[in-house]
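Below, chain A partners chain B and then partners chain C, in two separate complexes.
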Partner chain A sequence: MRFVNRKSKSVLATRRDNKGYLYVAPFALGFIFLVLFPMIQSFIYSFNDLLFDGQVHLNFSGLANYRRALFEDVEYRQLLLSAVRDMALSVPVILVFSMIVAVFLNKNFPGRAVFQIIFFIPVIVSSGIIPELFENDLVRTAIVSAPTVSEEAVSSFDTSSMSALLISLNIPVALVNYIMQAIGNILEIVNSSGIQILVFTMGLKSISPSLYEASSIEGATAWESFWKITLPMILPQFVVNLTYTVIDSFVNNNNEIMQSINAYNYSRFDFGYAASLAWMYFAIILIILGVFVGLVNLFSRHYK
Partner chain B sequence: MKSKVGAKAYRSIGGNIGTFIFLLIIALFMLLPLVFVVSSAFKPLSELFIFPPKLFPMNPTLDNFKDLSSLLGDSWLPFSRYIFNSLAVTVICTFGNIIFSSMAAYVLSKHDFPGKNILFQTVVLSLLFSTVVTGIPNYIIITKLHMINTVWALILPLLPSSLGLFLMKQFMDQMIPDTLLEAARLDGAGENRIFFSICLPLVKPAIMTLLIYSFQGIWNSTGGSYIFDEKLKTLPTALNNIITSGISRTGVSSAVSLLLILPPIAVFLFAQSNVLQTMATSGMKD
Partner chain C sequence: MKIKQLKNVPSALFRYFILIGLSFLILYPIFVTVMISLMQTSDFTNSAVRYLSLSPTLENYKTAAIFLQYGQTLLRSLALNVPLCLLEIVSCMLVAYGFARFKFKGNGILFACVIMTLLIPSSIYFTPFYLSLQDYGPFHWNLLGTPLPLFLMSVCALGVKNGLVIYILRQHFKAYPKELEEAAEIDGAGSFRVFVSIMLPGAMSIAATCFLFIFVFRWTDPTYTNIFLPDTEFIWTRLSNIQTDMSLLPGVEQSDFYFRSILKNTSIVLYAIPLVVLFIFTKRSLVESVETSGLVG
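What follows is the complex of A and B.
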C-alpha cells in the first residue's frame, strides 16, 4: 500500500519536472550554443595569440595578453578608471531620477496618459540612430544654440554661478560638483531611464492602495508613507533596475572601453587581446554590480 | 481610475501644477533627440553641416527623401525586398524572443528543478559580457551549423534573449502569486493550461514591454557578417550601405534615420496602451 501511494505521487512530480525542462529547452539550447559557448571560446582566446583566416589558429601565450593590457597598454587602465567613475556617477542619479518620475507618474493628474507615453520613448529610440547623436554631442549643442535660448539666459544660468550659490549655502563641494555634473548630463540621464521608469511604475501599481489608506488614517504624511511603504515595497524593482542600469551603462557601445575593444577586434584584428580586454572588463563589472547589490541588501535588511 | 485613496487627501491644485511642470520639463528632454532626428530629415544639405547645429530647419525641404528614392531606384533589388526581409526577421525573432523567454521564465520563476539557479545566474552574467568579442566564435558556430548565408543566420542568433528572460522572470516573480497557480492545479489545470491561460495574460504588460524592446533591437540589427547574399540582406544593412558611401549622402542618411525609427514607433503606439495600464495585478485579494 505504501508503495502505491509513493508511486502515484512521484509520477506526478516527475512529469512536472520533465515538462519544466521542455519549457526551458528552447531558450536553454539557444543560450548555451549561441551565447554561453562563444563566451567560453572567447575566454580561451584571451590566453592565446589568434590568427583567423576562416579557420582559427591558436598560439598559447599564457597571461601575455592580460599583462599587456595592465602594464603596457597606455590607454586601457585610464579608460577603465573613467568608465567606472562615469558609471558610479550616473547609476545612482538614473535610479533616483527614474524613481521620482515613476512616483509622479503614478499620481492622478490631467495629462498623465500623454506623459506616460512620452516617458517610454527613450526605450524605442535607445538603439540605432540616436546613440550616434549623443556620441557627437549634437543634440546638446543644438539645445544650447537654440534660438529661443538667448546668450544671456544661458550665461545667467551658468553652472559656475549656480555652483557658487550652492557652495555658499554650505553644501559640501563634492556634492555640488556631483549635482553639477548630473545637470550637465541630464540629456543622457533622462534618455537612459526609460525601462527603469517603466519597471518602477509597475512596482508602484502593484502596491495595494489599502496600505496608503491605512497609513493616512493613522496620520502618516505623504512623505512618511513614501519612506515606510513605497520604498520598501518597490525594493525588488530597485534591485532589478540597479542591475539593468549597471549593465546598460557598461555594455553600451558608446562606452569608450567598448569602442576600444571593438577597435582591437574589428580594425586591428587582435582577437586574443580584445578577448582579454573584454574579460577583464567583465570581471570588473561583476565586482561593481556585486558591491551595488550588496549595498541595497544592507539597506533592505534595515526594513526587516 | 483606481487611484491611491489615501493620497487623495494630500493632493492639491498647486501640487498638480508642480507635478505637471516637472514632468513637462523632463518630457521635453526626452523628446529632444526624436525632434532632432525628425527635423534633420527635413534640413537641406547646407543646414546639416551648420555648427552648432540648429534644432529646427530654417528652410524645410523634402529633398532628402527625393534623393533617397532616386538612389533606391538604382539599387540592384527592388527596395521592397529589403523591407520584407527586415519585417520577416523582426516579426519571427520578436515572437520567438517573447515566447521562449516567457516559457523559460515561467519555469525558472515558479518551479524547482536541478540546475535552475545555475542557469539563471549564467544568463544574468552573460548580460554583463560584451558581445563584440564573441563575434568570431559565433561566426565559427554558424559556419559549423552550415548556416552561413542562409536565413537561419539572421534569425537564430537573435532568438535567445538573455535580457528578455531576466525581465520576464522578475515580472513573473512579482506579478503571479504562487497561491493562484496552486489553486489552478487543485482544479486540475495542466502546466500548459496554467502557462497559457493564467501566466501569460497576467504578465501581458510585461510582454508588451518586451515586445517593444525586442522589436526595436531586432529591427536595427544588421545580421552582420553572416550574410553575403544581397537577396537576404535586411533594411538596416541596405541603408547602411547608402549612408557610408560618402559625406554627400548626409542628407539621405538623415532621411534614412527617420524612416528607420518609424516602425518601432508604430509598434510602440500599438502596444503602449497595454503597457502602462493599471494592472489589477493578480486577481488575488491581499
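What follows is the complex of A and C.
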C-alpha cells in the first residue's frame, strides 16, 4: 500500500472522494460569498474614505487611514500594544494551565465526572455579556472580596516571601514575577480555559493506554512518559487550543480593540477607517499566531 | 500491589487539593450571585449579613421578570436561537463529515479556511456584508432588520465560533475505521446513508456537546443578532439596559445602587436559566463524549 502514490489513485476512489465536495459545499459557498468577497471589499475600503447613504461611495485616499491609525490615533496604538502584550503573556499560561488540569482529570478517580462538569462552567458564565455586567457592580465586588477570618490567616502566607524563596533557588527573576502574576490572575485563567481543558481531555483520552504500560515496563517515570508520550501525542490538540486561545481573547467581541472597531463601524459609521484598523489587527494576530505555531513546530521536530 | 497503592496516596491528595481549590474559584462567584438575588437592600447595610439574607425573598425574581419582560423576551430569543443552533449543528456535522471522510482536492486548503473564519476579526467581513444587505442580490432585497442573514450564515456553518465545532466533529469522524465505511459501500449504501446509519449513532454524544457549545456561544455573544436585528428586544438587550435604564420599574430611584445590584444579579440568574437547563440535559453527553473519544480511535 505504501508504494501506491496519489496519481495512481483509482477512478472509483476519486469519484467517491469527489462526493466530499457536496458535503462541504455549504461552507465553501458561504465562505466565498459571505467571507471572502466581503473581505476583499473591506480591504479596498481600508484604502478609501467611505460615504454611505444607502449606496456606498468610495473616495480613494491611499494609506491615509493607516497613517491616521498609526500616527494620529493615540488610543489605537495603545490598545494594540497592550493587546499584543496581554496576548503574548496570557496564551502560554492558559495553555499550560489547561494542560495540567486535563492531565489531572485524565486519571481515574472518584468524582472525576463532577470536576469535568465544574470545569466546563466557566465557558457558560465567563464569556459574553455576563462578566461585563459584573464589572461595575460595586456592591457585589464588596461582598466577593471582603476579607474573612480564614482569609486573613491565608494572607499571612505572603506571596513576596514565596517569590523570594523561588529567586533564592536561582530561578530567573523575570520568570518568578511571571508565575506570581499568573497566580494573582488565577481566576481569569480558570475562566478562559474551559474549552481548552475539554479539548485536551479529549486528546488525552485518545492516547492508547498500552503506550504508557510499555513505557512503565521499560522503567520510565511518570514525568518522562509525560514528555515522551503525552506531549507529542496531543500536539494537534495543542495547536487547536493555541489558535482557540488567541481567538477567544483577541477576536472576541468583548476585546477592547474589537469594541473600538465596532464603534467606528456601527455608531460612527467611519467604515473605511474601521476597515484599516481591523486589517492591521488581523495582520498582527496572524504574525503572533504564526510565531507560536512556528515554536510548536520547532518543538515537534524534536520528536521526529 | 499494596505498596504501589500507598505510593499513589500523596499524588491523589495533591490532585484533589488542586481540583477542589480551582472548583471553589469557579463556583464561588455563582454562589455570590445567587445569594445576592435573594437579598433585600437593607441586608447590604447590615453588618451581620455577608452571604445569606436575614429574610431571604424571591420577590426580586418577580421584579426582575417584570424588568426583563421575561416571558416575552425569553420566548422571542429562544424562537430565534433554537432554530439557528439546530441549523448550525446539522450543517457543521455534514461539513465535518465531508472534511473527515473524503480526500477530495483542496480539502486541506478549505479546512484552513474553516480555521481562518475563527481567526478573522468579524468586523473585517461583516461591514461590507452588512452594507450590501440593504440592496441584496439580483432582486435588490432589503434584508436589514430581517433574520434572513442570520439564517444564511447558520446554514453555511458560519455562526459564532462554528469553526471550532467543525474541527471537533472532524476529529471525531476521522477516528472511525475505514473498513466500516467500505463494507457499507460494498453493500450498496451511498455516502449519505453511511453518514446516517454508521457515523451518526456513534456521534450523538459529541453532537449534543457541540450543540451545547453552539447554543452557549450564541446566547452569551449576541453581537451578530444585535447588528442584524437592532430594533427587536431580546432578553440580552433588556439585560444590558440595567446599566442605564430602570425606568420601567415604578417607584424605584434611578440612583439606588443597592437595588441595581440586586436587580442585576437576579436578572443574570434568569438570563442563565436556559443555559443551565441545556447544560443539565447535555452534561451526561459532555462527560461521555470525553470518555468515548478514545474508544473509536
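Operating definition for what follows: the second predicted complex is superposed on the first by the 246 of 304 C-alpha atoms of A that agree within 3 Å, B and C clash if a C-alpha of one lies under 4 Å from a C-alpha of the other, contacts with A are read in each partner's own complex, and residues count from 1 in each chain.
The working rule: a contact is a pair of C-beta atoms (placed from the backbone, for glycine too) under 8 Å apart; a residue touches a chain by one contact, two chains touch by 3 or more.
Computed from a predicted model, the values in this text were never measured in an experiment.
Steric overlap between chain B and chain C is present once the structures are superposed on chain A. Contact with both chain B and chain C is seen for A:Val251 once the two complexes are overlaid on the shared chain.
Legend: residue contacts after superposition of the two complexes on their common chain; A:Phe104 is shown touching both chain B and chain C. In the superposition on chain A, contact of A:Ser216 is made with chain B only, not with chain C. When both complexes are overlaid on chain A, the residue A:Ala28 reaches chain B and chain C alike. In the superposed model, A:Ser225 makes contact with chain B only, not with chain C.
Shared-chain residue A:Phe120: touches chain B and chain C both. 16-17, 19-21, 23-24, 26-28, 30-31, 34-39, 41-42, 45, 52, 56, 101, 104-105, 107, 109, 115-125, 127-130, 133-134, 138-139, 143-144, 146, 186-187, 190-191, 195, 198-199, 201-203, 205-206, 208, 236, 240, 243-244, 247, 251, 258, 261-262, 265-266, 271, 274-275, 278, 281-282, 285-286, 289 are the residues of chain A that lie in the contact sets of both chain B and chain C, per the superposition on chain A. Against chain A, the residues of chain C that register as touching in their complex are 12, 15-16, 18-19, 22-23, 25-30, 32-33, 35-36, 44, 50-51, 91, 94-95, 97-99, 101-104, 107, 110, 113-115, 117-129, 131-132, 134-135, 152-153, 155-158, 161, 164, 166-168, 171, 175, 185, 191, 213, 216-217, 219-223, 227, 236, 239-240, 242-243, 257-258, 261, 264-265, 268, 271-272, 275-276, 279, 283, 286-287, 289-291, 293-294, 297. Note for the complex: chain B touches chain A at residues 1-7, 9-11, 16, 19-20, 22-23, 26-27, 29-34, 36-37, 51-55, 100-101, 103-104, 106-108, 111, 113, 119, 122-138, 140-141, 156-157, 159-160, 162, 165-167, 170-171, 173-175, 191-192, 195, 205-206, 209, 212-213, 216-217, 219-220, 236, 257, 260-261, 264-265, 268, 272, 275-276, 278-279, 281, 286. If you check the complex, the residues on chain A that touch chain C are 16-24, 26-31, 34-39, 41-42, 45, 52, 54-56, 101, 104-105, 107, 109, 113, 115-125, 127-130, 133-134, 136-140, 143-144, 146, 148, 186-187, 190-191, 195, 198-199, 201-203, 205-208, 236, 240, 243-244, 246-247, 251-253, 258, 261-262, 265-266, 271, 274-275, 278-279, 281-282, 285-286, 289. In the complex of the two chains, the chain A residues touching chain B come out as 16-17, 19-21, 23-24, 26-28, 30-31, 33-39, 41-42, 45, 50, 52, 56, 101, 104-111, 115-130, 133-134, 138-139, 141-147, 186-187, 190-191, 195, 198-199, 201-203, 205-206, 208-210, 212-217, 221-222, 225, 236-237, 240, 243-244, 247, 250-251, 258, 261-262, 265-266, 271, 274-275, 277-278, 281-282, 285-286, 289.
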